[in-house]
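There are two complexes below, and they share chain A, which is joined by chain B in the first and by chain C in the second.
Now for the complex of A and B:
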């Protein structure tokens, strides 16, 4: 037995601990009551913060709703806008292709704070600063970059002869899109939606600057709870940020596994 | 120029336009031509901001945190990818646990980091229960500390998942065949790792390492939760200036935003240069 294979169970245990312990700690902190130093374990449990998260009219419930609306909207719009952009970029070759890929990379690589301050004037000019619509548009900028890069890769490998065949059989552009291309791209559209959802779900800097504190999303509430020293609520909010992200990833992995047999 | 080329370039412009408008506005605002505190043009603001020691201290601190956390995450990813590369159950479980933190938002990771590493966090409580600590003040500062240890560990944990995913993919798609060739030529396991696996992994994950570095250097969420107020990290300093009650200082944020963008672009350019340099040696 080599040294590497002897250490594998120990490394596996460390990986499991590293992946699960932070989530377990958040869960514990979200239900622990009167959990003061040096108690290693909460002396009492409460579901108060979880109740507030789902009770209508509560701060956290409202923020959760706003975050969900923004993330779903950004995911849908990002996929819808990123598709044609990515496809058009995939048609490029040589220097133009490098230029196109770099352009799509810009919104992804731009520091969030720099992006937010830069976009603020546009939002003010358009009269959408401090509104949910303005925050949605600011989330859409990086989400479109991710989706365009994603579809650039997808359409680079896409076999367009299928569409050509449909056209030779008399199908118009709309029919080809709805009856041929879209059904083949269900998985890719789902993944692009997930990308946009996650980009919006975790945004803080653009929400803070463009929303001007008036649009309250879940991450902003988590910040507020931390600053107020309400660790239980902050941990609950943090877990609420984690759960949809993990569920989304699981759903996409499941969809990918099901669609794996379908050639592109 | 063909119709599809024109369409492609228009698409490129469409996706980059919001950022370009933002950059253009930042350039104009940083030289005082527009925005809050505009004073009619000139490089005075830019020179003044770039002459502030707090700016360079913040930049250096952000780069230190990014370099340390990315190096830790990359080393861990390479080690785990080399160790769990087969199809056995233990390998699949290890790969699953390694990438599990991937979709967890950085803010949630930062809250967990705070609850674990803070002065009265779980680590301090465990040390206290073992009799090694009497009060929270005895716990070494791991959050809000000048060295940024808590932030580095939290970001390394978060970036490790991303780099491990890339490393697993590199090993799965490119490693097997070349290693087999090395083995048939008589290379021992250590030599196979040193001469084949390691160079493949390192080059394969380099784009992701650069992306992680750029991301971490400009990340706001985790930094706002775990970083000290002195030195103030560049993203925090930028937002602090942007929301300053003194309108004349708000324009400083645009000069700082440009500085942040320059760092990102330099990292990407360095990576592109390295990649084109190494591509010449690809088999």
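Now for the complex of A and C:
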């Protein structure tokens, strides 16, 4: 047994602990009542904040729903818009390609507050400030940037001769897209969707600025609870932010693995 | 009268900024096999892609089965293009790969099942229908790609170096599969290769692409025995190119006088001939000294110095001479082609 293989269990245990310990602490904080420093353990337990999260009409439940709708929409739209942009960029070469990639990178690289400020002017002009649609569009900007850069890498490596051959076998461009290219890229499409989902899911600055406080997403609620000192609700909201993201990651991975294993 | 499977007329295809292919023309009958030979960068693949509708034309006209397809997109040309490496769809089973051309044409499931089963059987992949492409060997992938191409029942099948990436045993296997499928389904074949042996075996006719033009298009025996130009002779690797000149209806060189056709222009010329035009003879017209002997599977290759010109001779019969031996050679003059211009000597 090598030294590396001997230390592997310890490394894995440390990694698992570092991932699970904060979640366990959040879980405890979300159900602990009157838990103040330096008490090592909550003196009493309550599911009040969890009830609010899942009760129809509850503040947190509403924010959770809005976040889910925005994230799923952003994931889908980001992948759909990023695909052709990434492909077009991959077709370019030299300076044009650098310029295009830089343009796609801008909304990713710009500080969220700066991006939100810039987008706010556009949202006001378009009359979508303070609406869910406006917030969706503001999430879509960075999500599209990420997806376009992702697909730029994908299409740079993609062997287009497969499409050429499909064409000569009798498939028109639309058939090639739906029956060859997209099925071949199920995993990449799933990952691009997930990227957009996570970008939207974690947005705070753009939601706050474009939504103007009228569009309440889960991250905004968590901030509000923290500012109000409602740690139990904040911990519940934080867990709710983590869990769907993990579930979505697992679901995408599972769907892709299943699709790749199943003959069509 | 049956329309030609493929007719190419005055085809010009640019290579970026370079002139590219110019004024290419040939006709192919149904079931005929044309092999295109040329050096790397000669435009062989570009020509195939242009015929398939995957590369833009600068000029020219293409007909497939008598239909003008010049302006048609790749999917409507009835010409399937196969790349050197088999590009099976990785997300589909072998069955579905072969079924692909049939599904997009809207065939019924029962017809598809029957047709795919027949094709898979003909390429000996019937037991692997449910497998994914990545689980197949190199030869199996090639056979599956051929079966898929035949499923489209193309009038023309365009094959880009189909045997180049295969080791010798797989080459024979894929070549046999190709010829068997072609004999059954009868598409016209245009095959690009840089291998002279493949060309001779696969081609009913061979085209030589040199300098962007079709330098010669001929049956294999005529091509090798009667190259149309010095450039073709050089490309084919004819070992014996002897410089001389034509005057008064005769080619004159260190080999002596060889009669030429009356219309041959006077001036510098080269006699081109293969090793089969020379043979050791006790009272041959040429006397030389053996410079080297190289043994191979088809006999010994001799380099013989004849009046300061080194000629290549292959001999498989009788005693093999040694370097330094004197050797008398007979030259079959009707196997010698006199070409204008001066070649390597």
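In the analysis below, the second predicted complex is superposed on the first by the 232 of 264 C-alpha atoms of A that agree within 3 Å, B and C clash if a C-alpha of one lies under 4 Å from a C-alpha of the other, contacts with A are read in each partner's own complex, and residues count from 1 in each chain.
The criterion applied here is as follows: contacts are C-beta pairs under 8 Å (C-beta built on N, C-alpha and C of every residue); 3 or more make two chains touch, one makes a residue touch a chain.
No experiment lies behind these values; they were computed from the predicted model shown.
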Q. Clash or fit: what happens to chain B and chain C when chain A is overlaid?
A. fit
Q.
So in the superposed three-chain picture, is A:157 touching just chain B, just chain C, both, or none of them (first/second/both/neither)?
A. neither
Q. At the CA centre of chain A, how far apart in angle are the CA centres of chain B and chain C, to the nearest 10 degrees?
A. 100
(Q) Let me test your reading of the model: by the given contact rule, A:175 touches which partner, first (chain B), second (chain C), both or neither? (A) second
Q: Look at the residues of chain A and decide whether chain B or chain C touches more of them.
A: B
**Q.** First (chain B), second (chain C), both or neither touched by A:85
**A.** first
Q | Touching partner for A:44 - first (chain B), second (chain C), both, neither | A | neither
Q.
Taking the superposition on A as described, I'd like to know which of chain B and chain C A:103 touches: first, second, both or neither.
A. first
Q.
Touch test for A:186: chain B only (first), chain C only (second), both, or neither?
A. second
Q: In the overlay, answer first, second, both or neither for which of chain B and chain C A:145 touches.
A: first
Q: If you've got the overlay open, could you tell me the nearest Cα approach between chain B and chain C in whole angstrom?
A: 10
Q: Using the touch definition up top, name the residues of chain A that touch chain C in the complex.
A: 159, 161-162, 164-172, 175, 179-180, 183-184, 186, 260, 263-264
Q: Going by the contact rule at the top, pick out the chain C residues touching chain A in the complex.
A: 49, 52-54, 73-77, 79-83, 87, 89-93, 95-96, 100-101, 104-105, 130, 132, 148-149, 152, 158
Q. Mind pulling up the chain A residues that touch chain B in the complex?
A. 2, 4, 7-9, 11-12, 15-16, 18-23, 25-26, 29, 36-40, 84-86, 88-92, 96-97, 99-100, 103-107, 109-115, 117-119, 121-122, 141, 144-145, 148, 198, 201-202, 204-205, 208-209, 219, 222-223, 226, 231, 234-235, 237-239, 241-242, 245-246, 248-249
Q. Within the complex, which stretch of chain B touches chain A?
A. 4-5, 7-16, 18-23, 25-26, 34-35, 80, 82-84, 90, 93-94, 97-98, 100-109, 111-116, 120, 122, 124-126, 128-129, 133, 135-136, 157, 189, 211, 214, 217-221, 224-225, 235, 238-239, 242, 253-254, 257-258, 260-261, 264-265, 268
